[in-house]
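Before anything else, here's the structure in question.
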Amino acid sequence: MRSLSFGEYGGNDMNRKLREFCGVFGIYGDPHAAEKVYLGLYALQHRGQESAGIAASDGSLLSVHRGTGLVWSVFSNPSIMPRLAGSAAIGHNRYSTTGSTGLVNAQPLFIQCKIGQIAAAHNGNVSNAFELRRRMEEEGSIFQTTTDSEIVLHLISRSHAPSLEDKIAEALVHLDGAYCFVFLTKDRLIASRDPYGFRPLCLGRLGDALVVASESCALDIIGAAYERSIEPGEILSIGPEGVASRRMTPARRRACCIFEYIYFSRPDSIIFGEKVDKARRFLGKELAKEAPCDADIVIAVPDSASTAALGYAQESKIRFEIGLIRNHYVGRTFIAPHQDERDLDVRVKFNPVAGVLRGKRVVIVEDSIVRGTTLRQLVRLVRSAEPREIHVRVSSPPLVNPCFYGIDIPEKKNLIAASRSVEDIRRHIEADSLRYLSVEGMLRAVTEPEHQCTACFTGDYPTMISEDCKKDKFDFCRLGMA
Amino acid sequence: MRSLSFGEYGGNDMNRKLREFCGVFGIYGDPHAAEKVYLGLYALQHRGQESAGIAASDGSLLSVHRGTGLVWSVFSNPSIMPRLAGSAAIGHNRYSTTGSTGLVNAQPLFIQCKIGQIAAAHNGNVSNAFELRRRMEEEGSIFQTTTDSEIVLHLISRSHAPSLEDKIAEALVHLDGAYCFVFLTKDRLIASRDPYGFRPLCLGRLGDALVVASESCALDIIGAAYERSIEPGEILSIGPEGVASRRMTPARRRACCIFEYIYFSRPDSIIFGEKVDKARRFLGKELAKEAPCDADIVIAVPDSASTAALGYAQESKIRFEIGLIRNHYVGRTFIAPHQDERDLDVRVKFNPVAGVLRGKRVVIVEDSIVRGTTLRQLVRLVRSAEPREIHVRVSSPPLVNPCFYGIDIPEKKNLIAASRSVEDIRRHIEADSLRYLSVEGMLRAVTEPEHQCTACFTGDYPTMISEDCKKDKFDFCRLGMA
Amino acid sequence: MRSLSFGEYGGNDMNRKLREFCGVFGIYGDPHAAEKVYLGLYALQHRGQESAGIAASDGSLLSVHRGTGLVWSVFSNPSIMPRLAGSAAIGHNRYSTTGSTGLVNAQPLFIQCKIGQIAAAHNGNVSNAFELRRRMEEEGSIFQTTTDSEIVLHLISRSHAPSLEDKIAEALVHLDGAYCFVFLTKDRLIASRDPYGFRPLCLGRLGDALVVASESCALDIIGAAYERSIEPGEILSIGPEGVASRRMTPARRRACCIFEYIYFSRPDSIIFGEKVDKARRFLGKELAKEAPCDADIVIAVPDSASTAALGYAQESKIRFEIGLIRNHYVGRTFIAPHQDERDLDVRVKFNPVAGVLRGKRVVIVEDSIVRGTTLRQLVRLVRSAEPREIHVRVSSPPLVNPCFYGIDIPEKKNLIAASRSVEDIRRHIEADSLRYLSVEGMLRAVTEPEHQCTACFTGDYPTMISEDCKKDKFDFCRLGMA
Amino acid sequence: MRSLSFGEYGGNDMNRKLREFCGVFGIYGDPHAAEKVYLGLYALQHRGQESAGIAASDGSLLSVHRGTGLVWSVFSNPSIMPRLAGSAAIGHNRYSTTGSTGLVNAQPLFIQCKIGQIAAAHNGNVSNAFELRRRMEEEGSIFQTTTDSEIVLHLISRSHAPSLEDKIAEALVHLDGAYCFVFLTKDRLIASRDPYGFRPLCLGRLGDALVVASESCALDIIGAAYERSIEPGEILSIGPEGVASRRMTPARRRACCIFEYIYFSRPDSIIFGEKVDKARRFLGKELAKEAPCDADIVIAVPDSASTAALGYAQESKIRFEIGLIRNHYVGRTFIAPHQDERDLDVRVKFNPVAGVLRGKRVVIVEDSIVRGTTLRQLVRLVRSAEPREIHVRVSSPPLVNPCFYGIDIPEKKNLIAASRSVEDIRRHIEADSLRYLSVEGMLRAVTEPEHQCTACFTGDYPTMISEDCKKDKFDFCRLGMA
């Protein structure tokens, strides 16, 4: 009997494809700050399911709780939330991997240094982390996690700059790559975004309280109003006296991760100042223009490709249908049967709606193809409902490069599009036709195409990537804490 | 801080509205019978989330495991499945209620009597259970659960009929109301459906093994082929010598629960011999014909109303959109904030897609209205995205009567449509317009309108309902086993 | 890696030797009845570690909670105790076995019948249970557990006697063997002991409340005063009007289990009207008279043999020492190392005190020998501390017969004394000498020798034992509920 | 209803009185090193019940697992031990406190620095930790725990000394106070003891493997032979080439903690080269000489005072009896009743043996008195058994000073002997007489009286104690990780 692990309690598409590294949230000035963070993390659950944590400040001391699992489970013990007292708090969701380091890397990280107590939550990937770390180790520093947060906390702690904001600014200057940091001290909340703006971070307001979140859907759940995107290179410092903003210099080329639009962010979110739903629908429409299809119905691979499929259907005037039902009950440890059933992991998640599919020429819209394995099984599953034809349309270009800015794209050798032609892939997934969206089409779907990072499709990395960064991450700790 | 409980790990619509009483599954002749049942129960999880159980026979002895929680969780301990050995097995999902009796009523029930060991799983509601039970108590019987299964097992055990099938037939004659039973003895699996056919039960085949299931989606997940619906009044006996069918007499009016089409069953299932998806789409189309709307977009309350909304959109030629995003991560014990936020339980589940809704005249399609509370909150939530108008269309008639055949419809006084006019309800839910599907329209959506039970809408109960049955169920045991 | 299971969280001698079947407790007239039961069960934990349960009555309805594990763990969820409301309650501890049926047989059993709700807790073994059950099955009864309680509840429910007490009296007449029953209805608590008086049951008083318990140590923990032993054949009925006692007829020979004195009961308890500590010390003294030893020190196998060892030391004037330290931290799943270490299960529990033992002639007092395996390992362990000689003295006679009255003595073939001579056993356990107490010596240690059951030593069974009873118990259900 | 927490699953005397800070264990050269550590930690469980952890090295990489709870529970998931591969491993038990920081401070600590990976386990208390830490913070270091281990790892990492041993030696020079450290790198295990030798650490051998442990009972459980005590100021380095020892200079006065003999260590252990059982018995004998009593029996407060009581009985020729039974089943969350029962926490743990005590003049031997609360309740409990007189004898002098060397003695104001006369205390505990052992008598019980630390009795602290150290520890983190 083999065990299928679908990450945590299921419900999203994380295991099918790529993983985001994290979601962050912070609030300053709310009497029940930790509870707001809890709700915000819940809304950001799709950005990370491995572990979650909240740090809160009551004005003099910080408290923190972290754990592995989904947000509701990490905080399910009723004794926890009351102990996270105070009017300022930050939180973090971390993604799920196989063989992970568990609690060791759970965030917010929490330290004591000469400035006092600091908690830090991070979304992104500091691409020169390895070099910075090695240099600090040479100087005698010790490291207890593999998080980028630990590196930046070392830098802050070592800084001789006068104010906390100056220290943070000085520390961030050393960092390359993608990061959104949210820091909490006893009396301040500081949020910052890298100068390229790879990952999203937005600002909201709930009464007198200020809120920062990876996506605006986390503002919605607490009833906060969306104010604006925190700018690339901006450091926002919120304290008793109000909020102050400063910019890191020099300004860099903007490089917002286009994959946030394609797949990661929730369609009801605003990121980088733009509605995800709108961009995602345009991807579907561009796809319909570039790769039309003589078909009877359009179906999505639910739920992540639904919006793009709707766009495809609207543009192509082909009827949109619900052709695959998704089971959201998948749990942590699903026991699979003895016999070798290759397609079981797809079948426990999806079931075709035979009445919709039978005898039809079907367009399946998928948002991206990583390894091709799941899609191949899905096509077979749909085939079992006896459609006349199956045409796969992908609302992003072929994925051919790894990401060094916070998305867990596998090595090049595992990316099917990196080594095979589209026709090869079509044969592999056993579709009657397969078309990807072009890079140009993809960029037409967003309002500021020149401000996107498209490196995973084009290889055009906005920053220098060192050899260390390209290698596998150092395996700091093979077994974590339960 | 208050605790919201969304049933088990969430992911379906159970808590928003009505609850089905159960799902059943059985297989005979498969070397890994219990594992097949496990998968089948997983596919039927939407029919019950409170508890789950499997009984298996190795040809001489039965073994059973039951527990509270979702299927994956009840069987997550790896030591359990290997102990459920044998080539025949049955399983059961039980629905979730507040203050429930927990494990005491978990099924399959498992007894020893003069026939030997019998396990039984039941879906439905025996409407004369209370009288039968009281009569048997008078005769000296003892009861350890409040399940209908226990009553029928008493009747079987007392029967002097020669064969097991005869005993079962004799026992079932005493029952009024709705039931699908699946029995397992050391060498037989027996399935039966009440003469009215209230609840669905179908037969499938996987190689040489025979399979019975509440819905065909449970056949799909194990790769079994759908054969047919088990007939109202049919007793199907499967044993080493093959399968035999007999009918209970006399035949009765058929009365298949129309709510299975409206809401309960999965759209990818075949029930009562008909595709759910097809009927549900026709409900939407009939609704569009009866209650058209001058609007810009049609959205569904996801996921249960999606198919009907699609039907409405197709018939009305109004654009279908995804206007509400559903969060599937809700867990067992979601901690809600201090402050009184009435709409929080809706907001943790749904978020409007502002870009889709703003400035639009929106049709929201919902499948049914029970108390009206959730819908009112949903309309408010949608209103926060600033649509121009909100028009609610319900793909079933006003719900005005309780169900005595296996659906947990609340008392009449809690059914908003039982005491208020449609206009009153519209005002209550704060919609710009509200229209229900008519009973006639509903019946036009199914192929055999004369064979449906519509009592919850029409009061036309196919059987006599005693006063005892109308009263609240006897609260046998207020605290169960953990 | 192999897993050693020491029953539950350890702390007593249950796994080393014999197992008692159960402990019972009941209280009537206390505003916090269930909490008193909880404490009482905690004091009786040594009588059963597999499962625990409490049933309480608030005067109109009963509630019950049962679970597997130690008492503190079964009731650790803070939501449980408040739901067990009422001024009358009963409780039960069940012993631990390998491959047990788990929750299925957890008590108190709880039924609904024509009398209303009844909960029952049982300590003992009804020796004609199998016949009674078969007969009732023939008459159409169904059984859901293998507990004797279920049988007696069937008998009560079928009785046509006028009052509850009469029904119980009528039911008990059918039973052979050993039993202490405690029943709870909505307004009465009834306790009864079999006419032979095999198992102990005593009565106490706490203010106006009446208390029954297997041992008086459970009265002590709640501060209740010991009143008297409930008599063999007595039925005690406690209700709103007060307490009434009646006797079953005819009176039988008294046969109190002498093993309660030797090993099972706590030394601080009064059972059968006598102090356990006193009897156990006399066993040690008699042993010293019968089997003296030329030695330097006397040590006990802690903790169960400590009192007898003290008696031995006092009588023989040999110095008592603490020569073995017992580790009480053993948990549910202790992981043992790869390498074959036969004596590990003894070594994780005991460690010799080298300074006490080295160079000494040591008497080890043990209370009984079942299989001889553990004692052999213990002797080896003590030998590693380099004593000059090791002399084993056993404060009971050779154990040669199974028990049909509630003690889990293994089959005859597993009793080392049933097939081997004392000298053989001595060689097996590698002691320099081995002596058992004689039956006569054992009986001299108690005040009413003619009222003891000594069947496991002498074969003199007070009741007829049927062939069915002698066979292995029917394996009703090989897999329980988690 | 109030919750009593008795630390972990009970079984020792930790909660009644003082708490040791920790236990450490290490092994080098065993194919199943982590399993040996697991057993060793199990034997050392009495030295810490809050959390446990093991770090192992397979020669190139370290792995670690830590968790809260007892050893068996932290490692109960069967997937853990196989992942702790390698032939060298160290482990740690941490003590239990109320409101503790949980997992944050669980050990072994595990870091990456320029030397590579290092794991560290610590027993003791570095008395200048606060100053060292503040100084390092000033220099820019960050701290994630409040363990002394983290401080020493910083020092090691910053050292420019050539070899690992040199770095450790250089680091340890900065430390004041009490410590036993065990370090693990990929290919070495290093153990060291502070120059005063406050806490015990011994060396053993199992085949070719070398073992270090806080007490020798941890050698016994794995069958290792005791070699010797690691010397004060010794640094023992074990690697592939063998073992090397070096001394820190200058040598200091020896100051072995005398409380290890009085209470903490297991009686079956050898510590500081001496048998605990022997010293503890002498304490009882000295007590009998200094504070004789005209009494009938001597009883111990089990289990920690049993050996001293035996010594008292042997010296005084008064009969030793078991007068108090201890219940070892206390669990993590014992629910106590509503009504105010001050003595309940004593009554759930102890029960007097009435037959032993009634009418007798009783000497109760206790090893130490901290607050006096528990003893007062115990005397009352014993009084309920109606002895004629109760005489308390304490096998250590009055406890009047806090400890800064690793024992959790409460503040002076909470030490009853710091502010009250012996006669006052006698009245408080309601004994007929009370006598303590004198400092001189205590020192006569050990072989090297001049090498003991007696500061908690005499105020003679072997090291300078700074004001910072005297203040409460900095509350780094009020809420840990679950």
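Order as written gives the chain letters A, B, C and D; numbering starts at 1 within each chain.
Keep this in mind: a residue touches a chain if its C-beta (ideal position, glycine included) is under 8 Å from a C-beta of that chain, and two chains touch if they have at least 3 such contacts.
Being a predicted model, the structure only gives us computed values, none of them experimental.
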Completion exercise
Every chain in contact with both chain A and chain B is listed here as none
Handout entry: Where chain A and chain D are represented by their mean Cα positions, the distance between them in whole Å
Key = 47
Practice task
Measure off the straight-line distance from the CA centroid of chain B to the CA centroid of chain D, and report it in whole Å.
Solution key: 59
Problem - Computed distance of Cα centres, chain D from chain C, in Å - result: 36
Completion exercise
The positions of chain C in contact with two or more other chains are none
Exercise for the section: Report the topology of the inter-chain touch graph, choosing from line, ring, star, complete and other. Expected result: ring
Exercise for the section: Sort out for me which residues of chain D touch chain A in the complex. Expected result: 53, 61-67, 74, 77, 80, 83-84, 103-104, 106, 109-114, 117, 137-138, 140-144, 150, 153-154, 157-159, 474-482
Handout entry: Residue numbers on chain D that touch chain C, as the complex places them
Key = 1, 3, 9-12, 32, 35-36, 38-39, 42-43, 45-46, 70-73, 75-76, 78, 81-82, 217, 220-221, 223, 266-268, 275, 277-278, 306-307, 310, 314, 319-322, 325, 327-335, 337-339, 341, 347-348, 351-356
